[in-house]
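All remarks here apply to the structure that follows.
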Amino acid sequence: MAEFTHFNESGRARMVDVGAKDSTERVATAQATVLMQPETLEKIQRGKIAKGDVLAVAQVAGVLGAKKTPDLIPMCHPLLLTSVDISFKEESQPSRDGLCAVHILATVKTTGQTGVEMEALTAASVAALTIYDMCKAVDRGMSFHDVCLLSKSGGKSGTYIREGHGRAKE
Amino acid sequence: MAEFTHFNESGRARMVDVGAKDSTERVATAQATVLMQPETLEKIQRGKIAKGDVLAVAQVAGVLGAKKTPDLIPMCHPLLLTSVDISFKEESQPSRDGLCAVHILATVKTTGQTGVEMEALTAASVAALTIYDMCKAVDRGMSFHDVCLLSKSGGKSGTYIREGHGRAKE
Amino acid sequence: MAEFTHFNESGRARMVDVGAKDSTERVATAQATVLMQPETLEKIQRGKIAKGDVLAVAQVAGVLGAKKTPDLIPMCHPLLLTSVDISFKEESQPSRDGLCAVHILATVKTTGQTGVEMEALTAASVAALTIYDMCKAVDRGMSFHDVCLLSKSGGKSGTYIREGHGRAKE
Amino acid sequence: MAEFTHFNESGRARMVDVGAKDSTERVATAQATVLMQPETLEKIQRGKIAKGDVLAVAQVAGVLGAKKTPDLIPMCHPLLLTSVDISFKEESQPSRDGLCAVHILATVKTTGQTGVEMEALTAASVAALTIYDMCKAVDRGMSFHDVCLLSKSGGKSGTYIREGHGRAKE
Amino acid sequence: MAEFTHFNESGRARMVDVGAKDSTERVATAQATVLMQPETLEKIQRGKIAKGDVLAVAQVAGVLGAKKTPDLIPMCHPLLLTSVDISFKEESQPSRDGLCAVHILATVKTTGQTGVEMEALTAASVAALTIYDMCKAVDRGMSFHDVCLLSKSGGKSGTYIREGHGRAKE
Amino acid sequence: MAEFTHFNESGRARMVDVGAKDSTERVATAQATVLMQPETLEKIQRGKIAKGDVLAVAQVAGVLGAKKTPDLIPMCHPLLLTSVDISFKEESQPSRDGLCAVHILATVKTTGQTGVEMEALTAASVAALTIYDMCKAVDRGMSFHDVCLLSKSGGKSGTYIREGHGRAKE
C-alpha cells in the first residue's frame, strides 16, 4: 500500500507537486444518499410543482460547492472545471426501516494535472446539506449515507470504478 | 407535519425572516462516519506520530467549514459562531464488512436568532471530505455514513436529541 | 449637501465607524429591470414548466449575493441579515422599442447598526447578472436598467421612499 | 432561436460542458451608467484631488469583482483572467432630467475555453455598486442604467458588437 | 504563563468558546513597516498625483482583508466590525542601510465577545502585501518588518499598549 | 528604473495584461520570521507532542492562504498553483534582545503566464498571523520581521535570488 502524499518530509501537510503530471481530460462521479421520512419526500415532490423546488436549490448549491472545493479542502489544487452536472433520483418506496431516499449523482470534468474526485464528492455533499437545510423544519432526523466516489477516469492512475456500491445492494 | 419555510408565496426560495425570533444561546452537535480499509486507519494512526497528521488537517478544515456555512448553503443565515469544536473517535476493530471507521463529532455554538444545525453538519462533512482527500491516494473506496444531527438546543423549537442514532446500533 | 463619510482626514477610504449608532431593525428594497427580446422571455416562461427554471437559479444567486455584499463592496460593514426575499414580475407586453422585461425586487432585513441598502442592491444586481448568464446563448443584447433603491427604513436617517421610480413611469 | 444550454435533460441547471471547445484568446467589454445629482458628481470630481477618490475605490472593487464571477454566478466556469481594466467617463452636463452620469467601461481578457462576458458585466456592476455605496450618504436616488455587453471576441460564436448602445443614442 | 486556549483536551485545535464573555466595545491597532529603495518611495509619492495611487489600492485591500480575517485565520471568531481605518506614514529619509519606509497603521473596532487584534494585524499585513504587489516590478527586494500589535482595549484582559515598539526606537 | 505596470493611462489600477506572456514553470520562495518570548517557543515545541500543534494549524492556514492570494491582493492574476509547501525552523537560542524565533519558509509553484511571488509571500504572512493567533493568549508582544522574497525563477524576468537576506546577517 502506498504512502500518503500530502505530507512533506517533516510530516507537515503540503499541496503535493503536480507540476510534472500531464494535463489530461479527467472525469469523476460521486454520489450521496439522503434518507428521510416518506412525508418529507412527498413534500419535496409536491413542492416541485406548486410550493417551491427544494432540489433546484440543492442543484445550484452543489454546482457552486464544486467550484469552492480548493477553498474548503486544504490540500486540494485549484482546477478549471469544464463541466459540473448533478442529478437526483427519488426512491419513493420506503425501505425496511420506513425511510425514503433522494440519491444525488454529481459528475465533474476538467482538463488538468490532477483529478476532480474531491470536486464531485464536495458537490454531492453540499447538495445533500442543502436538502437538509430546506427540509429541516419538517424532518430533523434526515441523514446522509453512501457518500462515495463511483468512478473516475483520466490521469496516471487511470480509471476507477467502485464495485457494488452502497445501500442499494444491501 | 409542518410546511417548508424556505419558500415565499410564489414558490421561490428565500432566506426566511428570523427578525422576530429571540436571540438565545444555541448549540448543535452533528456526526459523520468515514469507513475505510484497516490499513488506511493504521496509516492515519501511525502518521499522527511520525509522518503527518491527517486528522489535524481535517480538524482545521472542519472549523473553517463551519464558518463558511452561509456561503455554501443558500438559505442559511449568517451567524456569529462563538465556539466550534471537533473530535475524532477511531474504531480500529473492523466491522463485519471488514472496514474500520473514524467517527467525527462536531459541536457548534452561537447566541443568535436561529440555530447552528447546518454549521455542525457542514463542519462534520468538510472534515470527512478532508480525510478522504488526505487518504485517497491509498484508499479510493472510503465512504461517509450516518452524517446526521445528534442534538440541538436553544430556540423556540427547543431541544432535539436523535434517538438510537446511526450505524452503531445496527 | 452632506460630505462623503467613507473617507478619513487623509482622504483615504475607510469603513466608517458605526459603533455609536443604535442597533435597530432595518429594511431595504431595491429593484432591477432586465430588458430582453420577447422570444427570450417566452423561453424563460416555458422553461419554468418544462426545460429549466432560469428564475429559480437567479433567485438563489441573488440570496447568496446579498450575503457576499461586505466582501464585494469594500467599505460595507458586515451584518447579520435576518431575511432576504426576491421576487420577479414578468412584463410580457413589449414596450415601444420591442423589448420585454423581467423586474427583480429584492428585500433585505437586519437588526443592526447600519442599513441594508447595499445588500438589497447587490441581491438585485446578482440576480440580473444570473438571468443574463442563463440566457446569453440566445440573447446577448439583454441590458439592465433602473437598478435603484425603492425604499429603506430604520436607523437615524429614517425612512426613504423613491418617488416615481424608474422606467415604468416614463 | 437556440435553446438555453445551462440545463440538463431533467431541466436542472448545470455548468455546461466546455471541455471540447478550443482554448482561444477571448475579450469582452461591458458598460454601466450611474445617474446622479450634479452635486454628487461635483463631489466625486473634487474629492479625487482633495478629500478621497471614490472612483479609485470603485476601480479596485470592480477588478476584484471580475475575479469573483464564478463564485457569484452559479453556472459560470472558472477562468484564468489575464487582464482586467476599468475606466470611467464623467458626463458633467446634466441631461434633460437634470442628472449627471458616470459611465463605467470594463474590459476583461482570458485565454480559455469559454468567454468573459459575465466577468466584464460583473466588474461593471460591482464598480457601479461601489460608487453607490461611497456616495449614498449624499444621494440615495442614484440609479444604474444601460448595464450591457458592448462587444466580445474569440470563441466559436465569434465577434459581437452591440449596435447603437444605450442611453446616449436616445 | 497561561496555556494556549485554542486546543481542546485531545490536543486538537478548536475555536475557543467565547459564549460566556461579555459583549463590550473593543479596539485594536496594529502596524507594519515596508522597507524599500528610495526610488520606489519616490515613485509611490509621485504616482499619487499623476500616474496611479499605490496606497489607495493598499488601503482598499487592507479594509477588505480585515473582513476576511475569520476566513484566513482558522480559529478566529467571526465578528461584526464596526470600523476599519488604515493610514500610511512615509519615511523619505533613508536609514543607515539606505532604505526608505512606508509605515502602515490599521485600527479596527467592534462590539463583541472577543477582540479584534487579528483583524488589525491582518489589515496591516494585506496592505503591506498589496504595496509589494504594486511595486514589485521595480523593487523585488522590499521587505516587511515590525508587524505587531500596538494597542488593544476592551474585554476581560483589558488594555494592552506595546512598549517602545519597533524600528523607530532603534 | 522601470515604471509601475499596475496602472492604466488614466492612473487607475488595473490587472495588467499577461495574455502575451509565455506559460512557463514558475517557482517562488518567501520567508517570514516570528519573534516571541522563549517561553512561547517552548510551549509551541512541547505542544507539538502533547497539547496541540500550533505549527500544524499555521501550515494549513498558509496553504489555504496561498490559494486566496488573487482574492486578497487586488491586482493579482488567478493562477493554477501546482504545489505549495511550507516549513518551519525554530530558533531556540534567544537573540541579544532575549527573543526566540520561528522562521517560516513558503515555496509555491505554477505553470502559467505570471509568477507566484505574491502567493509565496501571502502563504508566509498567513502562517505568521496564525501563529500569532494561536499564541496571543500567552504572548501579545510577538512580531513579524524579514517577510520577504528569497528567490523566484521562471518567466521573462528570469531568476532572482535575494542577497544576504534579513535579520540573520545583522
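As written, the chains take the letters A, B, C, D, E and F, and residue 1 is the first residue of each chain.
Convention: contacts are C-beta pairs under 8 Å (C-beta built on N, C-alpha and C of every residue); 3 or more make two chains touch, one makes a residue touch a chain.
For each chain, UniProt lists the protein as follows: A, B, C, D, E, F = Cyclic pyranopterin monophosphate synthase.
Because the structure is predicted, anything quoted here is derived from the model rather than measured.
Shared contacts of chain A and chain B, meaning chains that touch the two of them, come down to C, F.
With every chain reduced to the mean of its CA atoms, the largest distance from chain F is reached by C. Shared numbers divided by all numbers used gives the overlap of an interface; between chain B and chain E this overlap falls below half, so the copies present different residues. Of the two chain pairs considered here, A-C and A-D, the higher C-beta contact count falls to A-D. More than half of the residue-numbered contact pairs at A-F reappear in one of the options A-B, E-F or D-F, namely D-F. Set against the Cα centre of chain B, the chain with the most distant centre is D. Taking CA atoms, the transformation carrying chain E onto chain F includes a rotation by 180°, reported to the nearest 5. One simple way to say how far apart two chains are is to compare their mean CA positions; for chain C and chain F this gives 39 Å. If you average the CA atoms of chain B and of chain F, the two centres end up 32 Å from each other.
Multi-chain contact residues, meaning those touching two or more other chains, occur in chain C at positions 8, 12-13, 53, 56-57, 60-61, 64, 68, 71, 74-75, 78-80.
Which chains touch which is summed up as A-B, A-C, A-D, A-F, B-C, B-E, B-F, C-D, C-E, D-E, D-F, E-F. Contact residues of chain D toward chain F in the complex are 25, 55-56, 59-60, 63-64, 66-68, 78-88, 109-111.
The part of chain E that touches chain F in the complex is made up of residues 1-8, 11-13, 32, 39, 43, 47, 50-54, 56-57, 60-61, 64-65, 68, 71-76, 117-118, 121-122, 125-126, 128-130, 132-138, 140-149, 152, 160, 162, 166. Every residue of chain A that touches chain C in the complex is listed here, in rising order: 53, 56-57, 60-61, 64.
Interface residues of chain A, counted against chain F in their complex, comprise 8, 10, 12-19, 70-71, 74-75, 77-80, 112-113.
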